[in-house]
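So, here come the structures, one by one.
Note that chain A is present in both complexes that follow, paired respectively with chain B and with chain C.
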Partner chain A sequence: MSFLKINNLSVNYEMRRETVYAAKKVNINVEKGEILGLVGESGSGKSTVGNAIINLIDEPGKVSGGSIILDGTNIYENPENILKLRGNKIGLIFQDPQTSLNPILTIGEQLIETIQTHLKLNKEEAKNKAINLLKEVGIKDADVRFDNYPHQFSGGMRQRVVISLALCCEPELLIADEPTTALDVSIQSQILDLIKRLTKERNLAVILITHDMGVISETTNRVAVMKNGDLVEIGPTKEILTNPKEIYTKALVSSVPPTNKKINRFKIIEKENKTQSETNIKILNRWTKKEIIDQDLVEVKNLSKTFDDNFFTESSKNSVMAVDGVSFSIKEGESFGLVGESGSGKSTIAKMIVNLYSPSAGDINFDNVCITNITNNKEMMKFRKQIQMIFQDPYSSLNGRLKVKDIITEPIKLHNPSISSQEIDNYIYDLLESVELTQQSAERYPHEFSGGQRQRISIARALATQPRLLVCDEPTSALDVSIQAQILNLLKDLQEQLNLTILFISHDLPVVRQMCDRIAVLKNGKLCEISKTEELFKNPSHDYTKELLTLMPKIESIYN
Partner chain B sequence: MLVVAFVSFSLFNFVGDPINNMVGEETSDAERTELRETLGLTDPIYIQFTRFVGNASKGNFGISYQLKRPVSELISERLPATIELVLVSALIALISGTLLGVYTGINRKGYLSDIILAISLLGVSLPTFVIGILFIYLFAVILGVLPSFGRGEVVSLGYWTTGFLTLSGLKAIILPSVTLSLFQMTYIIRLVRAEMMEILQTDYIKFARARGIKEKSIHYKHALKNGLIPVITIAGINIGTLIAFSIITETVFQWPGMGFLFIQAVQFVDIPIMSAYLVFIAFVFVMINFIVDILYYFIDPRIRVKAEAVSG
Partner chain C sequence: MDNKKLTLISRIKDSDIYFSFIKSPTAILSTVILVIIFFCSFFVELVTPYNPFDPSSLSLMDAFTPPSWTENGLSKFILGTDGQGRDMLSTILYGSRISLIVGFSAVIFALVLGVGLGLSAGYFGGKYEMIVMRLTDVQLTVPSILMALLVDGIARGIISREMHDEMAIYVLIFAIGISEWPQFARVSRAATLVEKNKDYVSASTIIGVSNIIIMFKHILPNIMRPVLVIGTIGLALAIIAEATLSFLGVGVPPTTPSLGTLIRLGNDFLFSGEWWITFFPAIFLVLLAFSINLLGDWMRDTLNPKLN
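Right, the complex of A and B next:
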């Protein structure tokens, strides 16, 4: 008999108007010493299954059927059962290490409390055990760090603390719910290695919940694919990724950007198994298309930005050099990628180019005019019209109190106050259809749309002023892979037909590979290297680039 | 502080002519001008103001028009009564407010929580003097167990007079302090409840549950401690408000404190007392905010680190 047996598990969320079936008769078995991947897009019920095992489903959800048997104990037979198992036999790791630790208790206090809840140890013994654990998960100076508060640790270190907390009472089952989604690639690979190592050393059963197919292919032994609460397919990782049987799995695997080659478009498999045609770009006839001439549209020279914490004094003690002497240029019609981990200054550069921040030093030339010294608002408007931005978070970048129509009208009117309302309407309809939204969308509010649709609205808004340069700051990192593929296809089509120049910022190397002609790699505000995309991936020259490339989780690793 | 000092100073100048208030009907104009000269009332406003601030900082607020005694003396005489009243009611409000808040935050759907919340709604909506009069009627008139006014017997300890040491003093403080604390208590209940409900939804509470930490520890150690941070801010401001509110309570219960003194002063347009009271209240507010900021330092480690970074 399996170590963990999930039989016909169903979880319902009873809302006022409807019942949402978050898990429908799911059957999964997990053995000791194996890592089972649980993949699916948002809303697929993968986290629900994880939470159901430890009986921590958020209100108003509840388990409506089936059973979960862990090592012979039926978890739902008796409400007391789970209290004995939590922490003791089952450990849980959450996605965001920033929020899963209590901010006002030291990590030592949190560890000791957890240890003493389950094991009969006195304070001294518990402390020793805790310090050993911290060492085991790779925290240096564990005996000093023991008395630190969570905010004194970096994100990756915090996730290590979370893992040590989850493991401190030697559980046999570890549920990791998106344990690395909030982390940079280099830290992600460390954390995944740690989980793999602990699985082997302690003979753990691990359920790894993630949406990242690269992580799945590099870490898991078996994988279960979920969609809308249904278990679509379960099997050995290699088989699922290389030879998926179900259409949904096929679609999911094909929308993952490959890391080893550049493809022209993402294949998007619809339900009826047909591939999506190219976008019909309606605004084309209104667009005053710029002929591509071989010259630089944007030129960045020795750009620096210092954030000074201290308002009154000029002390450099608290100041952070976010961008440090960066120079590059973007040709007209090119897509230029800016890659780096968090804190590398990539978003700061984007904000300086669209003139939301002013640089501390250096120049930005747009179309051979230096835009950093423009103080006149009217002068600036000319450039703002030509440079538009798409933000990362499609939820907070649209004003929830305005209709889509008004959101898009605003930039049009701002730059062309004399336009008639009839003309605006037509223009908006064309814009919406160009980003594959219906005309009816104009009368609706942003909250009625999904994340991917909202990002389309953002794109329509950015295109409204007919910009020459589109700055995309992580435009797809908040989206599911299949949606990401659609948005990336859309951006590619728009660029080709409208001759747009794109500055594409991302931490996701495979995505950048598909999108960009040239790539600049940033680290701690400094430029590491700039080269053509294929050259960078095949033959990186800078050490840091090499490191990033080896650490990036590769879905293709399953073939080896 | 300076702003308040200015406002209370301008009371002198704009609420009637001080000379008119001081002298009798039959004083001649010449005598009045002379008095004006000697009191420095002909000096420019800013010199008068500096003088006022200078005196006030030494604790000298002039002489009461009505009682013909130094204001500072009157205030220090009445201060203990008010401080004791405010202290007791602040304690009642904080302790019972926090406990009830935690209870209602955890047991959101219990009958007892609904009852507590319903009563707390009454506490917010009924004005203090109505509650005070109800209490007097119930406990002093019908049941006759508690005194309806005054401080009871007091024991003098040098500069301080206290009612805590005698039975009648203790009895006398119950009704006014409960009356006074009721409004603050309901406020704190609702605040603690909202904080608890919010914090119990956070990831670190969920993670603590997933580690098998006992519910009791989750509620009191993990959640309450985080929830108290905003409560302290509000409670700090509210202790100041308590002193201000005590005017009404003291009047209802004939409590010989500063609020009562103030009301009497208003009736007789006794401006030195009024301005001194204003300055004093402002001083208390500033002090309380200062103490609250220091408390933050001890409760929230995140602030501690920032402070160390700035000083080091």
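Right, the complex of A and C next:
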């Protein structure tokens, strides 16, 4: 008998227009001492399954069938069962360590409160237990940090505190819902190691919900793949990743950017029948193509940016050096990667290059002209036309009140005021087809599109001015991995055919490896190293780069 | 064209706002009441057989007729008549037209002024923003009735006596509008601060779109939801403010009576037994303001998810 047995679990959300089946007859067993990965793209129902185990399904969702048996107790048989189990036998870790702790209580108070709710201990005993727990999850000086508030901890430390909270009452089942998604790579690997260690030491049963195949392959013993509420495949991690049986799993695995090699393009399983270069770049006819000359298109010299916090203090005491003396250059037609963890200043650099921020010091040269100090609007427009940007968040980057047509018309008309409306329509259709959207999309509003399609609209808008430089700021980090593969393929095709120069910004090393010719690594606003992509991955020269490379979760680790 | 219309209707029918509307009895009821009141007020000539401001149609013999269901009531005057023999119902509807015109104009004036200042303050920031926002703080410390009395007083000083009655309505609109604009300015500035940091604004900047176009084409439509909520509730406030001022005798002149004027005129007869002359305009005013407020509450709940 398995420790946790999920039998034919179905969860429905009755919405206004339709009923959404978030889980359809899912069968999963979890044993003690193993980590089961629950993997799937957004909307696959992986979190729903996790929430169903602790009866946290929000209205209007409800469990419509099946049973969940934990250690012989049927959770849904009696409403009191779950109250007994939650916190006692089941511990929970959420995605965002910023919001899962109460900011106005010290972590000690929160731990003691939780311990005393479930265990009959007096305050002194509870405190001892809490400190021991903090030590166990790897918090140094636990007896001092005990009295600290959540904001005094870093993101990774906070997630450790959350884990210690989940462990308070000696749970036997731990549900971790995307525990490392909000964290940087270096911290992610520490948290995953911690979860692995605790599983072994405490003989826990762990369900690790994630979308990240790298995390799955490095952490889990078995994996369950979900899609649209269906359990697609379940089995030992190695078997599923190396020899997937279902087409969906195959597609999922093949769209994960490999960390150990550079591939030409991602294989999109659903489109296997189509010819390899499927993107029909119609816009090519209109494009005034620049021949690639061997010269630097962008030259960044000693670029610095400080953000002053002069609200309370007059002096620059509180100013933050977001970018500190960074220099690099991008050749025409090249794709250049900018890599770093959160706070490394990579987005700030992008915003200075597209002239959203002005630098505190240093110069940016575009096509041998310094663009940092242009005040003349007309002069600026020349460069606006040539430098365009694609943003991270596909939801906030399109104005929801405008039709797709109007969104794309704006740059066309602005840079070519004399164009006729018939000509604009044709141009828009060509642009949309170039990013693999239908002509009908023009009449629709952004909210009618998925995240990946919205990102395509963003690309179409950026291409409308026929730019030479395309700045892509984490263009795929908000997208599912299969969509990411499609968007990356599209960007590659566009770059090749239109001779674009791309500045590609990402925290995701495997993605950068697939996309870029050269890579610059940033840390805390400073440049660590610049080298050719393959060179960087084979022989990193800087310690920080080495660290990043060893810590990055590798899907290939399963083969060893 | 036809096709486009159809899609617009289907878009409305498909929207969440429509859905929440048909699920809310209060919203439907208040809308029905408001539609009836608006229709009767603006097409009052079609609705009532009497014109209370046409002296030839009035007969002093009809004066002080009580409502039709009471002992001495006449069936042709449903809500009775006032001291000059005017039919109460028609007078109320004519009066509510004035009240609505003043209310709407005042809100539109406040909205244009407030949103214009708030939007630009939020967008440009800096010293300009500080000046505008301190101005709203100052404005908010002056009670609106006091402000309106002040404006009226100044206007009386500037404008000649004969001109004054003609100008009274505009003075009133200005007075009420000027006391309501800070609400709009605050709300639109706050919403602008949120919107201007979104990527679609950055995208337009990068394309090279000018500030004015970004403000009006991109940000303005996205901040209209909270502004409309404030506007609806502001409409009720403006109508009540107008009634208050007219009741105090500084509003519209008695020759073109509004609801407030009617209540004031009827007030004189309250203790001599002719209660209906003041009671019905008052009830009408309450019904009007209450319906607008209920609709405003519903709008706030649906259009502003942050408050849910």
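Note that in this section the second predicted complex is superposed on the first by the 548 of 560 C-alpha atoms of A that agree within 3 Å, B and C clash if a C-alpha of one lies under 4 Å from a C-alpha of the other, contacts with A are read in each partner's own complex, and residues count from 1 in each chain.
Basically, a contact is a pair of C-beta atoms (placed from the backbone, for glycine too) under 8 Å apart; a residue touches a chain by one contact, two chains touch by 3 or more.
Since this is a predicted model, take the numbers as computed values, not measurements.
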item: Fit or clash between chain C and chain B when superposed on chain A; value: fit
item: Contacts of A:His151 with chain B and chain C, given as first, second, both or neither; value: first
item: Touched partner set for A:Asn132, first chain B, second chain C, both or neither; value: neither
item: Partner chain in contact with A:Thr117 - chain B first, chain C second, else both or neither; value: first
item: Included angle at chain A between vectors to chain C and chain B, based on C-alpha centres and rounded to the nearest 10 degrees; value: 30
item: First (chain B), second (chain C), both or neither touched by A:Asn243; value: neither
item: Chain B versus chain C as contact partner of A:Arg401, first or second or both or neither; value: second
item: Which superposed partner A:Asn8 touches (first chain B, second chain C, both, neither); value: neither
item: Partner chain in contact with A:Ile387 - chain B first, chain C second, else both or neither; value: second
item: Minimal inter-chain CA distance - chain C and chain B, angstrom; value: 5
item: Residues of chain A defined as touching chain C within the complex; value: 16, 351, 354-356, 380-381, 384-385, 387-389, 391-393, 396-402, 410-411, 414-415, 458, 461-462, 465
item: In the complex, chain B residues that touch chain A; value: 202-204, 206-214, 217, 221-222, 225-226, 299-302, 305, 309
item: Touch list for chain A against partner chain B, complex; value: 54, 56, 83-88, 90-92, 94, 96, 99-106, 110, 113-114, 117-118, 149, 151-152, 162, 165-166, 168-169, 318
item: Of chain C, residues touching chain A in the complex; value: 16, 19, 198-200, 202-209, 218, 221-222
